[in-house]
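In what comes next, chain A is part of two complexes: it sits with chain B in the first one and with chain C in the second one.
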Partner chain A sequence: MTALSLFFILLLLLNLADASFFEASQAFLKSAFGGRRYAYLYVTISRCALITGMAIAALIAFRAGLINIGGEGQLVIGGFAAAFVSIYSGVTGVPGIILAILSAMIGGGLWAVLAGLMKLKLGVPILVGTLLLNYPARYITSYFVSHPFRDVASGMPQTLLLDKSLWLPFIEGTRLDTGFIFILIVYGFVLIYSHRSVPGYHAKMTGLSIEFAATSGINIFSTTLKTLAFSGAIAGLVGAIAVLGIHHRFTDGMLVQPLYAWTGIVAALLINLVPWAILPAGFFFASLTSGASGMERTADVPKEIAIIIQGIIILFVASRATGIASDTKNKEEGN
Partner chain B sequence: MFAQLHDISVNFGEVRALDSVSLDISPNQIHAVVGENGAGKSTLMSVLFGLNVNYGGQIFINDTRKTWATPSDAIKAGIGMVHQHFMLIESMTVLENIILGSEPNKYLGFLDFQLAEKKISNLLETYNFSINLHQTVDKLSVGQRQMVEILKTLYRSAELIILDEPTAVLTPAERLDLFNSLQDFKNAGKSIILITHKIDEVIANADHVSVMRAGQLISSLPIDGTSQTQISEEIVGVSKTKSISRKKIKAGSVKLNLSNLDILGMPQIGNAFNLEVKASEIVGIAGVAGNGQSELIEAIIGLRSSKSGFIEICSRDVTGADISTRRDVGLCYIPEDRQKRGLALGAQLSENASISSLVSKAFSKGPFLRKTKIRNFTEGLIKKFDVKASSPSALASSLSGGNKQKLIIARELSLESDVIIAENPTWGVDLGAINQIHHELLSMRENGHAILLVSSDLDEILTLSDRVLVMFESELSQSFCTEKVTREELGKLMLMKASDKKEKKKINTA
Partner chain C sequence: MLADLFDPAFADSVARIAVPILLASLGGAICHRAGVFNIALEGFILMGAFAAVLGTFMLGHVFWGVLSAILAGIFMGLLFAEFHLRRPGDAIVVSIALNLIGLGLTTYLLRSVLGVSGVFQDEALGKITEINLPVIESLPVFGSFLSGQSILFYVSIFLVILLHYIYSRHKLGFWMRAAGENPLALKTVGIKPTPVKLLALVLCGVCCGLAGAQLSISNVSLFVENMSAGRGWIAVVIVLVTNGRPIPILGLVLLFGFVDSLSLRLQGFGFPQQFTEMMPYIASLVALIFVSIRRMKNLVGMRGYDNG
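On to the complex of A and B.
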């Protein structure tokens, strides 16, 4: 029923845009999963890695009741840190990659911890603190790449290109960079963290009832800071993957404009913070973005209509997913 | 206004909260309604004010039968209520707060502030109130806020004003002002219902007093010819038969020791605390809720800090230590508020059951949870305490109140801590569970644990405790041997001013 009405709404929209449904959906599928030698599929996977990474960063904090919506700032700081260290440390090859990733994670983590300290010491809500820290992160890096660390020759607000030895290699025989492997590792790690680790348990209990957790002897201060550091570090890692794997430099706005952080938050909320579902959710959003832009490119569907279609699909999936989530919850309570 | 409550009964689930209570309220009177926590006073008032509409019986206002769908019907009929917790918007002015919800309109729906101000100024003059109407509420003292709440009812032309524990939060001077105003209202022909625990205030100010106990109206008498002693005896009632007997055991060494402990943020200005609880001993603290018991407990647990003095658990100074250190040294805590402090309702039973042991690292291996051990442990607790639950992975929110409490007690007692703090451990629990919980506490005592029992249920205190102290206005009385004190004597200490030294001395020498 819902699928049918979804179909008709899409038909109506495409009719409005003077495009045939068949053509548009083919363009959608092709640019999400196809292309010459699956080039578009690799783009989708690459994008999926970034969105899933940001979704994991959001999920970790949200589960602990810390509404960290500053993923964007932590991502940008991480990305810049990776680029800066890669260019100016002089370390090359694998040690250079490791160094860049570690700096990005530390940078992103510290940026999130800053919001935690603002909460614990000054009483600034995490929501407000993390959101506001997005702006300095964005504009400080914007200043850095526009002035002191600018690649003047390129004429753009961006850093120099990274040494080739620091680029994440492609998977053999494909055009897919190895960045997504890092995210797969993080995904596995987060599954274990959420279900089987003591810090993950502490974070969950703190998120469910802070008063109960405190009374039972969980240290709220350190749980808050550790969880935020973890969340921020993952966002920083995503920044490093974007720099080392895709762009090979840091360009102003390159991590902000595609809305990776915000899409990640939506993905995490869509699946009701259930850890295993974060990867499918990330893939869903990535293919939707790829598909919509392909539709615009090849089927002459205007960008606006493509975005509306994207929104409607999200709306339908979201209502389904939340329905399923509350069903399982009711079942547990009914026992 | 003549208000009559006729045969009012209210059930909460299987608990009978009100059992055919009838009450007559007359104009030109201050009518005090007194009773212990849970006696049914607030429930009765919520029926009269339209907050509770599921009741049996009838309400008559000036001899006509009335039914309310919402409190606004009751307000229209001339009933006003001042709640214990004020319902004011802090960032708005006094004037805006008073008129909120019944604003006078000018043409085109604009607010007529001038008319409102004139009306309120008249009220201020009539009743000798002084308050700046254009001040925002966040700058007001507690007494002034209460004045705003009262003005709200007067502005809506209330003829019957209900005040729920109005003096609990006031300073002595503010109390005096309040009672002067109440006398003025009374002389202006209004009816006042005063809900309170404090008998001396009742004797000094009320014209009529009704005593409630366990959902029933015990007596309703004019104040003349009624003595403090009579009221306090009616409030606490006669002892229920004791079904549990305590074995005689000699108490051991001191396990919990408070010495000159001056706690931050007590509700009233009291003395520093000195308290000892020994092994194989249950020490009961009786008293009406809100006299500083929860602050004392929070200080012992580590949720609240203190200005001076120290706390020792098992002879170790833990004054500045955090909660987990205190728990490690040997402390467990059965909280009164099981929904908030006792459980995470959205988590599974096993997650709830294992939290204390997890904090102490018994159920973890490095950073990993020992899932099987946690599950077996939870199953064991559920079995041992007969918690009605489907499985260890069910959510805590699926349990009934009594089963939630059993799970909490099972968890805390399983820690085998030397010191056990139990705060109203049987509050809102059915009779079967109460007996079970009492037995568990007594067997912990026999096994050499030191138990501090804080309860507003005097019967519970007298059944379980070896020694008993009374808390009143943030002060602890001396400790009495349970065998050598009567519930009447304790009742007096619970309900009367501590400065009433004569009464106190009499008891002490008795």
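On to the complex of A and C.
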């Protein structure tokens, strides 16, 4: 039933754009998984790394009952920090890459912790605090790359190009940057964290019932801050990967426009916060986005069709399994 | 310099900026009071703004534009109701999905139906008639605030008063409050909470649709991708800060209109655009922190212990 309604909506949308279903689906498949020497497939995998990373960031916070929808801000801060440190610290080569990634993770983590402190010290709900911090992150970095740290010669609001030694190398014999490997490591780490570690257990318990967790002697204050720092640091790492591996500079809006953070949240919700499923979900949404770009190029179907499909899928999935945390009362209050 | 800052055009711009946020906040407040945590206002407004332009363009008069905006808002409200009330979808998840659908669908239709990307502008698009009030229009400063606005300005002010009356005096208002605060009590007097919540979502759709119409066929007459640009989120914060009470909403929205117009003006004095664009969000954050601290203190004072 769900699949059927989705199919009809798809046909209707394609009809509005005057595209034939056959032509559009061919373009979709080619652009998601094919291309000359698999060029498009590599783009999909690259994108999958970013989306999966953002999905993991969302998942970690959501499992602890912290509705962190500020991944976008943490991502942008991380990306800018990576570009800034790479360009102005003068450290090159592998130490430079490590330094850039660390600063991105610290930047993203602190940005998330800020929202945690606003909740714990001032009572601002996490949902609203994290969301509102997206905008300062976006506008402050936009100001930085438009004025003080702008590459004036390029004519665009962006930083200088990174030194070549800081670019993440391609995997042997392919056009795939190594950013994906970082995300695979994080993926493995998160599986262990969620299922086998004490902090992960504490976070999960806090998410299931904050009263029970507090009664059992878990320090809610430090669990909240640690979990948010972890979540934000991963968002920051994703920003660093996008800068070091794909764009090699920070351009205004480059991490906001593709909706990486929101797609990540949607992916985490789709799988109902089950950690192992995050990688397939990330790949699914990355293919959806890549395929839609292909339909736009060859069949003249606007690529926003991917966003609509994401929304519809989530509506149907949400109506089966209730998402986020189990405690409805908490959610109604927007905590 | 002060005279440059606060002239009649400034008062006019406060009203223009305030109306869409006011309408959206009222819509959000109706849901909030009825116990529906609707944070999809951004998507609702965007659909309203697009439908207003599409309706005006296709049917040739702004009246049809406003009507289409209302219908688009109601459509979003019904979608929300289908997945949150009839099926057990989580309100936050449904909201996130509807925001994505609002953004995706309007951009998609802009490109596929109207055939442009980015901005749609056409001579056939009119503006909602502006109403000039005699006598009042000649008042200093307030004249250009109270007069010469679109009809939606007067509608929104009327809605504030109407909602205040309904919530404090009318049975319908009591039902809607009970649906949010104590659904069980509502059931014991023989009224099902779900239809009341459905009504709240539909009314929210009407308000947000009008907010969108004010954006696209009154403040300007064009549609831009992602035109709502965060106004829906500001409305969500305003609803949380005021706890959905209409009169405080009006006050806070006017304050926002003031801050926003001021920052637009400061741009003319050489302030970087990014800082002026950031102002409304910083203002929301400050308002939220202020109220949250006060609420925390009240809670501790009343019960003598912290309830988490």
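In the analysis below, the second predicted complex is superposed on the first by the 283 of 335 C-alpha atoms of A that agree within 3 Å, B and C clash if a C-alpha of one lies under 4 Å from a C-alpha of the other, contacts with A are read in each partner's own complex, and residues count from 1 in each chain.
One rule holds for everything that comes next: a contact is a pair of C-beta atoms (placed from the backbone, for glycine too) under 8 Å apart; a residue touches a chain by one contact, two chains touch by 3 or more.
In this text, all values refer to a predicted model and were calculated from it rather than measured experimentally.
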Partner touching more residues of chain A, whether chain B or chain C: C
First (chain B), second (chain C), both or neither touched by A:P136: second
First (chain B), second (chain C), both or neither touched by A:R196: first
Touched partner set for A:E211, first chain B, second chain C, both or neither: both
Partner chain in contact with A:V256 - chain B first, chain C second, else both or neither: neither
Which superposed partner A:I234 touches (first chain B, second chain C, both, neither): neither
Which of chain B and chain C A:L122 touches, first, second, both or neither: second
Chain A positions touched by chain B in one structure and by chain C in the second: 211, 214, 332, 334
Chain A residues within the chain C interface of the complex: 13, 16-18, 67, 69, 118, 122-125, 127-129, 131-133, 135-136, 139-140, 142-143, 146-147, 210-211, 214, 220, 259, 262, 265-266, 269, 301-302, 304-308, 310-312, 314-315, 318-320, 322-324, 331-332, 334
Residues of chain C that touch chain A when the two form their complex: 35, 37, 39, 79, 83, 87-94, 96-101, 103-105, 107-109, 111-113, 117, 230, 233, 236-237, 240, 272, 274-275, 277-278, 281-282, 284-285, 288-289, 292-293, 295-296, 308
Contact footprint of chain A on chain B as seen in their complex: 301, 303, 322-324, 326-327, 333, 335, 340-347, 351, 355-356, 358-360, 364, 367-369, 371, 390-391, 393-395, 397-398
Touching residues on chain A, where the partner in the complex is chain B: 196-199, 201, 204-205, 208-209, 211-219, 332-335
